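After the structure tokens below, expect a handful of questions from me.
Note that the chains are named A, B, C and D in the order they appear, and that numbering of residues resets to 1 at the start of each chain.
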Amino acid sequence: MSRRDEDILRDKCGVFGIWGVEKPAEYVYLGLHNLQHRGQESCGIVTTSSRKFYSYFGMGIVNEIFTAEILHGLNGRAAIGHNRYSTKGSSNIENTQPLIAETRNGEVAIAHNGQFANYRSLKKELQEEGCIFKTDSDTEIILHKFARSKEKNISRIISASFTGVKPAYSALLLTRKELIAVRDPSGVRPLVIGRVGTGFVVASETTAFDIIGAEYIDEVKPGELVIIDDNGLSREELQPPGEELRCIFEYIYFARPDSFLFGSEVSTSEIRKELGRRLYREHPVEADIVIPVPDSSTAAALGYSRESGIPFDFGLIRSHYIGRTFIEPTQAIRDAKVRKKYNPNRSVIRDRRVVLVEDSVVRGTTLKNLIRILRDFGAREIHIRVSSPPYRYSCYLGINTAETSRLIASRYSVEKICSFLAADSLGYLSEQGLLDNKYLHGGFCTYCFNGKQKI
Amino acid sequence: MSRRDEDILRDKCGVFGIWGVEKPAEYVYLGLHNLQHRGQESCGIVTTSSRKFYSYFGMGIVNEIFTAEILHGLNGRAAIGHNRYSTKGSSNIENTQPLIAETRNGEVAIAHNGQFANYRSLKKELQEEGCIFKTDSDTEIILHKFARSKEKNISRIISASFTGVKPAYSALLLTRKELIAVRDPSGVRPLVIGRVGTGFVVASETTAFDIIGAEYIDEVKPGELVIIDDNGLSREELQPPGEELRCIFEYIYFARPDSFLFGSEVSTSEIRKELGRRLYREHPVEADIVIPVPDSSTAAALGYSRESGIPFDFGLIRSHYIGRTFIEPTQAIRDAKVRKKYNPNRSVIRDRRVVLVEDSVVRGTTLKNLIRILRDFGAREIHIRVSSPPYRYSCYLGINTAETSRLIASRYSVEKICSFLAADSLGYLSEQGLLDNKYLHGGFCTYCFNGKQKI
Amino acid sequence: MSRRDEDILRDKCGVFGIWGVEKPAEYVYLGLHNLQHRGQESCGIVTTSSRKFYSYFGMGIVNEIFTAEILHGLNGRAAIGHNRYSTKGSSNIENTQPLIAETRNGEVAIAHNGQFANYRSLKKELQEEGCIFKTDSDTEIILHKFARSKEKNISRIISASFTGVKPAYSALLLTRKELIAVRDPSGVRPLVIGRVGTGFVVASETTAFDIIGAEYIDEVKPGELVIIDDNGLSREELQPPGEELRCIFEYIYFARPDSFLFGSEVSTSEIRKELGRRLYREHPVEADIVIPVPDSSTAAALGYSRESGIPFDFGLIRSHYIGRTFIEPTQAIRDAKVRKKYNPNRSVIRDRRVVLVEDSVVRGTTLKNLIRILRDFGAREIHIRVSSPPYRYSCYLGINTAETSRLIASRYSVEKICSFLAADSLGYLSEQGLLDNKYLHGGFCTYCFNGKQKI
Amino acid sequence: MSRRDEDILRDKCGVFGIWGVEKPAEYVYLGLHNLQHRGQESCGIVTTSSRKFYSYFGMGIVNEIFTAEILHGLNGRAAIGHNRYSTKGSSNIENTQPLIAETRNGEVAIAHNGQFANYRSLKKELQEEGCIFKTDSDTEIILHKFARSKEKNISRIISASFTGVKPAYSALLLTRKELIAVRDPSGVRPLVIGRVGTGFVVASETTAFDIIGAEYIDEVKPGELVIIDDNGLSREELQPPGEELRCIFEYIYFARPDSFLFGSEVSTSEIRKELGRRLYREHPVEADIVIPVPDSSTAAALGYSRESGIPFDFGLIRSHYIGRTFIEPTQAIRDAKVRKKYNPNRSVIRDRRVVLVEDSVVRGTTLKNLIRILRDFGAREIHIRVSSPPYRYSCYLGINTAETSRLIASRYSVEKICSFLAADSLGYLSEQGLLDNKYLHGGFCTYCFNGKQKI
């Protein structure tokens, strides 16, 4: 994989599919709402009757886009939907998923979470064969391979569509006859199956099942192909499972605290609390109060508090009105960006020795800002505790972060980061400490910590 | 051509392209504005530098969509743009042109006016070869053929892209290195070339040149391929010219009165005045006043007036505020639709014998309505004169009209139409009279009058 | 009246009221549509049941603002509506009419066309008495006077509301029990009464009656107060009629050609044709063609053509897509503003001696531009004929034009204007010629031509 | 006060004012952002130079309404702004504050938080004197009184404006020369003063100071009038202070946890934690976990946890994407409303004895719903603890809640409420327990608990 493969990173997204219910678009609406944290830029829903596709797409969040009238027009008994993550560059309606194509093998729609490690070479290969590309999304590759397959049977067509495609992918496809779920052999992104009434659902996270009253059945296994149609659900091997490379950042940061991921028996919040407990054992400190950078670090901070016995509290109040990325209108307001999101609670931190728990540190600028503000508001000491190892390598499997060279941990030692942040102490959870977690089983990708590429 | 070929009709549209100027998007903006009568549903502009494409699309008219900020972002020295006609069905952003694709042969954009008589079989063939279709536009076919061509040279790639494609098409393509214009061998839709400063322009009608101060050079000839690049303009044969089948309705109704079309030496208004003169000679009547259904029939009415000596006037006042199709909010307001567009001028028609000139009659319902209103306002006699022959067959080359079975002239004799309309007399221009026009040279498609298919 | 009284000029507007029908808002919608030429910036509708007011306001034209849902919510059996003219300054929703107020004398709404010559002193007086002003509209004055009246009877309250208020005003007021129409004693602005079914309507122009099938009864006379309630219509004197100062520009330019104004027995277009005839008699010329600046000068040009025998034609094609004031996005496009509105029809003017008829000349810049363009397109001679006298004084009764110092006729002689315009000749209709018109009866305000103030 | 006085309740709102800085609108933008929790329906900013007012208003939240261009147009060196609360009825742009009026005493703008207990009689009185009312807001009353005052001096004019006006009000007024802050003699709503650079600020809560780096000086005292101009800040008595009736619900629910209110020396979160501690002492229970209804009850739950030793956790995950009231498009989605806002975290509650802390219970339906969901997700026992007394009387000082008859505590005993909710136990904090709080000093209005009216 060349360096250029990294320059279009687009992920995390949320996908949701359903088969065999009345008004499927309403289920997708609710499911996507509970997956909204995985992408707020745009969303789309495609439904199908046995005869026809219906679709609608918009920029923004589910709540804003789908009116009664629009939902009413999305007919049929099956559907898939997609929340897209706000990447910096090409924020436009053309990139909104699900993508739809009319092909020799019928009409097909796809909603995809992930990014193919080899998408540049796949794209080039298909272009050489005369394919046209209309979006700057790698998802289109699957549509071409679907259209070009000469297999007769849907499971073989899908297999062919993913042959030669490297992880990461957790994707849903919809035809007039089937809802299909596939997950790459390394199982990088999550994908779970459930049942609601007589229908089946597939989603990125279990929280999407909770809101519609669906019952969790199992995850789609790495390398598995699941086909759901009016005869029920069948599971087969898409590709032989490879080394498990599940994204550890789903547990650290991405997933909702109430979701059960990767087959774990507890919700993500419990794993984060364990990370916080271990973090204290690795990096104890004498302090008066443990506070999180809300909301993503709340569970880890609770764990740190419980293990240490230092009281937990909210020393930073997060605004409810910064859910989405608004363009800050003037320089003065841009400068206040961190303050617009977080305000210190003076009574909680004044004259206190504060442990500030953060889930991860990318470029360090926001954290530096927060530390300065906390000091301005009277914190006596500020000890940073990070519930994951130093983030040193920019993801090659689709997570959209700063380039490696701009990651603070790729440039500085922990000591230097601490002095850059102007913190009183800084402790990162060790990689060993991360993986030793009692709730974690199986393999994870830890490339971002150690730079060891496996695909 | 099977009947099914007619069920997706989409045309007329306006196209505009420019090569070799600063801020090309501003020229396209102005050019599309003067082509706005050819399509008001949506529009788009694609520009290119030698390195990159820039594009923007929107629903509505040019004036509403392109802000200073958007135009500012459309960089480069060349551009193409497109106005899309409002068809009933699939009014959505995905169908907006120009279409763009990334291909083995480079990035390419296309803006197309026309419809391929054999698009269903072309589409099926390409699907069989594994192509995917994302819009319900036939234009996508050219992108696939462009991408699949193994020719090395742009003129041969373009030739290959249109091989086997039947009329009608007048299309502009843009790559990072060339602006390309092609016109089908029958020359169904117009396409003209001009020069502005050191740059070249291509557009559907000459009125788009006038607004930017461009000078008309020539039309793109039927079957011609024009390539414009930094070395200038070259013209070659795309396909051997076939029987000329230029759309006679461009002269009768579609084109702006100030445009010079199909190489004619006078503007469209002059041709329409001639039709009006001949119409009087074929169908004289004693009357007090000649009035048009404004604005499309104004020139024909002027001709009728001049030939007959009966004074010309405006007996129907057209609202300026009905340019685009608004959804009428309630039944009462829907019922008033014709009255919202036209109001009689009582002083002009009261107690008068009125000749009402109309350019063509499709279903007859609007005209029947107008006649009733004119009588309500005091017209003593109403003589309908139509400046084209009875419209009997729904177009098979892309004009979006009612189905043949709903065309009043396909169901009734002229006599019966007259009595349906409740007019005092009704006269249609004869096909001979239409074609005898002193300004018309060469061949025209008259399928809609006589049902004789030539492609 | 001090000079400062002129610096906020706001007019012409359109008003429409109806009493005693089902779904009155739909009638207002249609009526305002046909009065749209009197104001395109914003509009509003207020309806009333016997118990409650309902209202909706928006920026833009009627077609764009009132959806089915909004109209559905406008209950009751009576309504008034208003189209506001787009003045440059304070284009905002607060100034949208009808204005509504809750007062001791009940809830009241007002829609007003005109401007009070003494509004500054009225406003100051009311402010001195403790009144607050929330809009920069003089209409609010009437609401205050209405609220402060201690009369018990509606006709006396209305009388009191207009006591001391100088022209110009043609206003509609709505209470839960009455629709009221008043017109100033000089009759500056038009106002007409009609009947539709069992209901009554009042509007700025008769064209608003035509679209709803209402029958014209009479104009509201100068100084008259008309009260319509469930007992019918009663007419009384609001104030003793003064010298008639009807705005001559309603006939020259403002009104729709199909409207009957100021009690005249022919429509406005006939009066304009007479102006054109007289214009020829005053300023004959040898020429090949007479063309109007469309659409406002079309009738005058027809008159000039008929009187002179020189053929009438359209040498300038007006775009249908410039109905409203769009902000031109870039300098180049701003420079093309006149060309976006009018394009020459080369075949009509090339090598011809052209008479260009215009209804009036304010600053002269647009006309100069048109003349240049016509020459560029080959016109041999260009003779300007203006169907009104030189416009020398900025209106003091509410018409929003350039300041007197920017009026070309206030600065230059006709000879100099001709040379500024670069026209071959220039002829203005004389004031005598204007008023001699066979269809005009009674008095008119001609301040803008001669500077003689009468109020 | 008659029953009818309660039927238009509108409050809580947020106000912010600043004097003596460059670009005051940017400060207001940030201040209103941190007061956004006090109102999300609409907001407005008025700025003033010494010569002119500038203003802008919009529906929605600050982040969405104020673009760079709009802020740029809001000139001057002083400003006030307002966030309006979303009341059910009249959600429209006309009611947006600040209100502006032109008066004999100059131009004035007002931003108001509160509602006058005697507003109906005040309004009637003013109407009797001839005043007009254009909004359904009581704020307009002050504008009328301001305009009618014959005092010469601004402090006397303001005094006159509030003479006879009963609480509750905390208001900001802006003239071209002064920023004025007033608070009613009972001090019902909060209002605080700060300093930023050489300028002064006034706001509803201190959190608005934090974001702009302003320093808290003092609260505006009950009955105080504060005038800020270029000479600095002066404080005087508006009206003699009356019995303190500060709204206890600011502490229980309204204010941000990081705000310092009513002169207290700790932030609101600390007071809420104390309520939680006392709540445990009054209503202890054996349980495994204490969870809040996030976010408003988080601090009280922390207090309960600390006092009881039962671990604190998040058993309900609140969606970040429900900040504002979206219209739920279909019945099924409306039914899922509570689930869209809160999702149980199964791992936290399954097989546990849960204490669910809520700050207050109005109608009880949401809480009942939450209890059912928690049981569905496996909670073994659910003990409800409410950190305020039973809410029995609908506020008469401007808080917009359900009518008294729909308040569950006005209809049922605690026992019955517990059985209605289907909770295992239910404990409300006593009124004594509420007021005994070590951080609370001075008097509070507790009408909603005991029905004792003091004004």
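The criterion applied here is as follows: a residue touches a chain if its C-beta (ideal position, glycine included) is under 8 Å from a C-beta of that chain, and two chains touch if they have at least 3 such contacts.
What you see is a predicted model, and the numbers here were worked out from it, not measured in a lab.
Visitor: Quick check on the contact graph: shortest path length from subunit A to subunit C, in steps?
Guide: So the least number of steps between the two chains is 2.
Visitor: Between subunit C and subunit D, what is the gap in Å from one C-alpha centre to the other?
Guide: Subunit C and subunit D have C-alpha centres separated by 48 Å.
Visitor: How far is the middle of subunit A from the middle of subunit D, if each middle is the mean of its Cα atoms, in Å?
Guide: 36
Visitor: I'd like to verify one number: the distance from the centre of subunit B to the centre of subunit D, where each centre is the average of its C-alpha atoms, in whole angstrom.
Guide: 60
Visitor: Which residues belonging to subunit B are in contact with no fewer than two other chains?
Guide: Not one residue of subunit B touches more than one other chain, so the list is empty.
Visitor: What are the touching chain pairs in this one?
Guide: Here the touching pairs of chains are A-B, A-D, B-C, C-D.
Visitor: In the complex of these two chains, what residues of subunit D are touching subunit A?
Guide: By the definition above, subunit D touches subunit A via 23, 26, 29-30, 33-34, 36-37, 40, 61-64, 66-68, 70-72, 207, 210-212, 256-258, 260, 266-267, 269-270, 295, 298-299, 302, 306, 311-314, 317, 319-323, 326, 329-330, 332-333, 336, 339-340, 343-348, 377.
Visitor: How about subunit A: which of its residues touch subunit B in the complex?
Guide: For subunit A paired with subunit B, touching residues are 93, 99-104, 127-134, 143-144, 146-149.
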